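Chain naming follows the written order as A, B, C, D and E, and within any one chain the residues start at number 1.
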Amino acid sequence: MAWRTHDLESPKKGFKLIVGVPDVGLVGPIAASFLIKSLNLKLIAYFDSDDMPPLLLFHEAKPLLPVRVYGSGELCVFISEIAISPRVMPSLARAIIDWATKKGASGIIALSGIPVPNRIEIQNPKVYGAAVKPEDREFLKKSGIELLKEGFMSGVHALVLKECLVKEISGIALLAEAYMNYPDPGAAASLVSTLGSLFGIDVDVSPLKEQEEEIRIKLRELMKRTVETMRQAGKEYEYTLPAMYA
Amino acid sequence: MAWRTHDLESPKKGFKLIVGVPDVGLVGPIAASFLIKSLNLKLIAYFDSDDMPPLLLFHEAKPLLPVRVYGSGELCVFISEIAISPRVMPSLARAIIDWATKKGASGIIALSGIPVPNRIEIQNPKVYGAAVKPEDREFLKKSGIELLKEGFMSGVHALVLKECLVKEISGIALLAEAYMNYPDPGAAASLVSTLGSLFGIDVDVSPLKEQEEEIRIKLRELMKRTVETMRQAGKEYEYTLPAMYA
Amino acid sequence: MAWRTHDLESPKKGFKLIVGVPDVGLVGPIAASFLIKSLNLKLIAYFDSDDMPPLLLFHEAKPLLPVRVYGSGELCVFISEIAISPRVMPSLARAIIDWATKKGASGIIALSGIPVPNRIEIQNPKVYGAAVKPEDREFLKKSGIELLKEGFMSGVHALVLKECLVKEISGIALLAEAYMNYPDPGAAASLVSTLGSLFGIDVDVSPLKEQEEEIRIKLRELMKRTVETMRQAGKEYEYTLPAMYA
Amino acid sequence: MAWRTHDLESPKKGFKLIVGVPDVGLVGPIAASFLIKSLNLKLIAYFDSDDMPPLLLFHEAKPLLPVRVYGSGELCVFISEIAISPRVMPSLARAIIDWATKKGASGIIALSGIPVPNRIEIQNPKVYGAAVKPEDREFLKKSGIELLKEGFMSGVHALVLKECLVKEISGIALLAEAYMNYPDPGAAASLVSTLGSLFGIDVDVSPLKEQEEEIRIKLRELMKRTVETMRQAGKEYEYTLPAMYA
Amino acid sequence: MAWRTHDLESPKKGFKLIVGVPDVGLVGPIAASFLIKSLNLKLIAYFDSDDMPPLLLFHEAKPLLPVRVYGSGELCVFISEIAISPRVMPSLARAIIDWATKKGASGIIALSGIPVPNRIEIQNPKVYGAAVKPEDREFLKKSGIELLKEGFMSGVHALVLKECLVKEISGIALLAEAYMNYPDPGAAASLVSTLGSLFGIDVDVSPLKEQEEEIRIKLRELMKRTVETMRQAGKEYEYTLPAMYA
């Protein structure tokens, strides 16, 4: 379950790392990918493990590992283009935080979705926040982001926050209302807009909404495999309250 | 199967550690959680393992690991808000006893339930006791607690006592009559009352009984997952007598 | 698959170790338990492993590990009150022989059963013998015990003899005609009588026969679990002849 | 998952290594085998692992390991005559690249197929290319080979390119349009022709086409087993676009 | 998957080791056992592993490990009386060759069968040969043994030859036409006769043929278990040709 990292370039000290890994509605990777393309970020690192399926990607004829980091200035984006099995989630979360710490990150922002049954009736999916440090929670609240108050969070973004908590690093999660089992570019658009207003990133999200149907079709296989991983990851706990606060 | 502990604060030397882990009727975590809230105990340590599902909790918007210890003065409470698979039970029991020993605990009290078929007809579930040391058994008897005489005990509380036995530490188990497969706040109330009279802890258990239906609904998922772990843990032995005393 | 031993007291050098582990008709643990009670043997050691189910026993309100050794003078009895899965059989057999050797045992006597289809018609189940050393085989024959001549033996008692063979220790197996899938106190009585006449142990076996039905009911769960382990342990080989002597 | 290599002879420094491992239409091993026979290459190394099935080959009565390397002058060919399970793919890919690097290879060319639904209507299967280094992509384009632009590649050839990418070695993949689940000598012929024109290897491929039906029947079992491995290797991702470029 | 060996006596330097392990028609162990009995060979070593089923054998009331070596003068015979699972085949093959090399063997002869559909019509099953070294192939041909020319060989005997190939030891396989799924003493008789004429071993094989039906019944269980292992061992490859020679 060991992960290897291959650095191509070093990010700027004090950078923020946005993390988008397949989960509810694939909103993490959709938003991460959109940011990378819109902001023209450069590929700076690969993550690799023998426990991943034997896959290589091609983009504009160039080979790419499916799990990698892009960056420019003080913004870096971690993206996985393949589903992560629950078995390797803990080691991946730790590898991400180890890499970020070693490279001098000032904070982590993990993206994901919250499944809502009436998603079809929602025009602008709301974004909820969660944060490890009190000052980050304060910052989110002041910026108008409602905080997740009680309950479970499951997946790589949950483990990323857990590592931040244990290692006392600034860690934020942003979760958009989303379809659970359908790729949801609209929810990803909400995440990107929120990132924009929180961190002053200027990106026009309208293309995400325009290509909704197209994206949905193209991501069928990734969604299918992600659904399987969510089933094994204790996602069902998310719809219940912890014993202590029941 | 290794467990990591993260200490936030040190308990007071000579403290007693109450252990509530999901099992019969979830009485352990329900009672543990009620004690933590009623006595306003402080979070003092996390337990973590890569063999646990990828979950993080939130309470009042603050992130929490699902397995942790609270304490104040000479009372500490260990609680797990997620089911423990039989595969990791031995290492968890050992991690609990190792942590308690290192921190200077004077004794362990593990909480659980004894399933009774006629639970529905019982107003005040009776609490049975078990103890590793003769003086603790004497203390329980004098306090009016009937001792478990013959039979098997299965689960994390059984392994916690086993570690106490092998390492010659004071270990007590308190087991309330309970529903096996339904969250049982009434049985948890009996445990809390018993703890109160045994150790002079002053807590009003009436809220536990009033919120019975509410708690039952909220803990559905945890109960469901706990039932699965009990099936794998040799719980069936509990309803038989050991060969030697047959 | 490692086993830990916890010694409470040391046996007398030159002691004989009787081994009773769940197998055909549970005759091993039934006979072992009867000897321990009849001869009033003292608990002297525990055997423990993380690969065993998470169980603790209680007897007269005292906690006990399910796998342990009793002894007095030159007689020790090893008993397991739970079924042993084939996966841990080799390490257990080795742990038994290592412990016995370290403590200065002069010989091992493993108890088990031979399933016979017409058991119901047999009043006094016959006891067969097997031994690693020629002098032990001679002793058995002289004492009127018919030796097992050709065939396979499967289970912990087979592996215990194997370790004796490889390490050149005196090892004997006594096998009573028994029901395969029903607890068989009558067969256990035959074993105890045989032990009595072979080693001058004076025990009245009539209680075993009188409590037959009672014992059978109490050991249902242990029998059920033992049947599963026998199915995985290559027991079927026992009803065939080895190729070499076919 | 360790691989052992047994060298019989050393290849010439600066050699190119062609890799043919069972995958889509078995085009890799069919082309590799045809090259070895046509160019009369010599056996120079074996690859072996305990995770492979217990098989030995015979050719002209001489025993051969199923995974091996042939070579002459500056051309070496790696061939596996048995299906590779996804579990051992990463270690095999790394073993190939480690061996090639140690022996002084100047580049790797991995052969495989791209399944096309209308294969039956195609007379001359087209060959697509992929390359790790820009100069190799340029070379392929100049030679009239269309590059694979967007998408996933799955299997040993994908992992071989990944290792080349990470270790900055020249790595090329050539992929012929092929039947997915039928051995496809016609597609293999296209690969051999392409290798011929790219690297000046002079081989007449007409025998491959003439023996098409014969080869298909003989390779049934290898194809059957390869289909199973492809199902587990995330091949389905290949028919979708990565999230980032959707 | 480690194997332990226990030596009782040392074979004579330069000895030949005949290997009979359960496979097609059980011809290996049947022939091995017949040789041991006919030539009155002495038990000289045991092979043991925790990955084998928990079995011990008895012959003439003496305990025996199921995997062992017999010998006298320059002839040794390795026999396994239980089926070998594919998972432990590689380590067993290596343990055999390591033991043989350490003891100074001059060559290995592995026995097995080749399943033929019309076995019932064959009076005298033909014996095919295979050998690692050219001089051994020459010897077989001169002695009138037809060599296996093209194809796969699967099982412990295949791996034994593979180890001989890799370590440059003289290794021969003799394979008799046989029933795949029925014990085949007739085929074993052919093997023994061939061994006789090749190495000047004088044995009358008529008892093998006379006890055919008896042996078949006695070896039912071993055959049943062997069939299962063959199914997992890639035996199906044997009925196809390698890609390279298709």
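Operating definition for what follows: contacts are C-beta pairs under 8 Å (C-beta built on N, C-alpha and C of every residue); 3 or more make two chains touch, one makes a residue touch a chain.
The structure displayed is predicted, hence computed values, not measured ones.
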* Asked: Count of steps on the shortest touching-chain route from subunit A to subunit C?
  -> 2
* Going by the stated contact rule, which chains contact subunit A and subunit B alike? -> none
* Using just the Cα atoms, superpose subunit A onto subunit D and tell me the rotation angle to the nearest 5°. => 70
* Structure fact -> subunit B to subunit D, mean C-alpha position gap in Å, rounds to 58
* Structure fact -> Whole-angstrom distance, CA centroid of subunit C to CA centroid of subunit E, is 36
* **Sites on subunit B at which at least two other chains make contact** => none
* To do: Write down the ring's chain sequence, where subunit D leads and subunit E follows directly.
  => D, E, C, B, A
* Please give the residue numbers of subunit A that touch subunit B in the complex, ascending. => 1, 86, 89-91, 93, 130-132, 137, 147-156, 158-159, 161-162, 165-166, 233-234, 236-237, 239-246
* **subunit B contact footprint on subunit C (complex, rising order)** => 6, 22, 26, 29-30, 32-33, 36-37, 46, 48, 50, 53-66, 79, 81-82, 211, 214-215, 218-222, 224-225
